[in-house]
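Worksheet: the structure to be examined is printed underneath.
Order of writing sets the labels: A, B, C and D. Residues in every chain begin at 1.
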Amino acid sequence: MKTITVRYFAIFREHAGVSQESVELEASTALDVFEQTKGRHGSPEPAAHCKVAINDVMAAWSSPVSDGDTVLLFPPVAGG
Amino acid sequence: MKTITVRYFAIFREHAGVSQESVELEASTALDVFEQTKGRHGSPEPAAHCKVAINDVMAAWSSPVSDGDTVLLFPPVAGG
Amino acid sequence: MISISNTAIPVDELRKQMAAPAAGGFCVFEGWVRNENEGREVQRLEYEVYEPLALTEGEKVLAEAQMKFPHIDAICVHRSGLLEIGDCAVWVGVSAAHRDEAFKACRYVIDEIKTRLPIWKKEHYVDGDSGWVNCERCANVAHRHTDPDTEGS
Amino acid sequence: MISISNTAIPVDELRKQMAAPAAGGFCVFEGWVRNENEGREVQRLEYEVYEPLALTEGEKVLAEAQMKFPHIDAICVHRSGLLEIGDCAVWVGVSAAHRDEAFKACRYVIDEIKTRLPIWKKEHYVDGDSGWVNCERCANVAHRHTDPDTEGS
């Protein structure tokens, strides 16, 4: 089990009701974190339509996560 | 013979030393006017690189000219 | 240089900042808040920006533009917070020796900014409803459980 | 709308004039007087404009842009007279619902303006010489009788 800080943005934050929380997960990749927190962020979009960062660096969904990491879950962006 | 008012612009005007003059020509097209006033406007550029207007309307070099017309000879443009 | 601003973007000042005696072409793109989106009347708009990553990703975009179009100079400012109809949400200015690079670099920057930066836009509609842009289906499934097949995009 | 101005182009006011609640994208191109052209140091610039035809041809260009990109709004102002380094020689602003039309229409307008309007540019160089742009060979053959083959373009 790893302790991961998960941060939710925009619609994910609204759905989760918190902007971040600490969770215990059996997760080896960022995608695992996304899938295992689905009940929190509520994304009906596949991960491919969303983005992820680990410890404030943009990452791939296949990027490994370590105990103590902060994983930022970004719903589809809409700048401009 | 036709009486044509010829107007010169930019480098053509500087070369001719006047901005317009009335000339008597055996000219049937705008191109004839351009060619027969070469000694005045001094263009070493072929007419194809220049533009022409007749009576304040943009024209083709093949456009006919009539007695009393004003022909405007435009060197290569450089707006912007 | 990219920055995020919580107040009105100072467009006139930004333009002056870009003055350069060797620049012959200057292209600006501004994104304005429209009163309508996909058939719904918009009243105001809210940008949420995750600034640390918006800045690093934005600087990457500008560096890429400078690799593709050497000798350009570029500035981008993106708004955060609440915006009204007509407000400038994003400003991208590019100066270059000639216009071709100015246009192409400006277009490159805004296209990448729109799709890569962690920025989200919530529209507040005249009818009192609201929704996150690009996330209509999320919004609907999460909160209203309507059929995703009936949604636009 | 196109106009010719013998004084500084009021860029800030023009931008404000283009405000429209349905416009989501605004693209501007400005041509600035550069301090250099084809390796020669420029001191100032002089635009000669044949206004009656510059206006009718300019309106044609704007109408064409509106045919190609419906629902855009466009303004163009071109300078005449003496300009210093850094001065704005031409301003083209296009607003549209979306950015693609704004960029494309703005580019169309400036490209056509540059090649179709009866406007001529005389460069005054730091070394005291001067020359009409696009007409170097004319200038040289007419006044200096140098070999046209040695000229740039």
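Note that a contact is a pair of C-beta atoms (placed from the backbone, for glycine too) under 8 Å apart; a residue touches a chain by one contact, two chains touch by 3 or more.
Since this is a predicted model, take the numbers as computed values, not measurements.
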Ask   = Moving only between chains that touch, what is the shortest number of steps from chain B to chain C?
value = 2
Request  = Give the chains in contact with both chain A and chain C, ordered by label.
outcome  = none
Inquiry  = Taking each chain's centre as the mean of its CA atoms, which one is most distant from chain C?
reply    = B
Message = Taking the mean of the C-alpha atoms as each chain's centre, how many Å separate chain C from chain D?
response = 27
Task = Indicate the whole-number Å distance between the mean C-alpha point of chain A and the mean C-alpha point of chain B.
result = 72
Task = Please work out the Cα centroid separation of chain B and chain D, and write it as a whole number of Å.
result = 24
Task = Let me have the rounded angstrom distance from the C-alpha centre of chain A over to the C-alpha centre of chain D, please.
result = 50
Query = chain B: which residues touch two or more other chains?
reply = 80
Note = Expected list for chain D, residues touching two or more other chains, is 31, 99, 110
Query = Where on chain A does chain C make contact in their complex?
reply = 9-11, 15, 42-45, 51, 53, 56, 58, 72, 74-80
Of chain D, residues touching chain B in the complex = 31, 47-48, 50, 52-54, 57, 78, 89-90, 110, 113-122, 132-135, 137-139, 141-142, 148
Request  = Could you please specify the touching residues of chain D with respect to chain C in the complex?
outcome  = 11-12, 15, 19, 21-36, 85-86, 95, 97, 99, 102-103, 106-107, 110
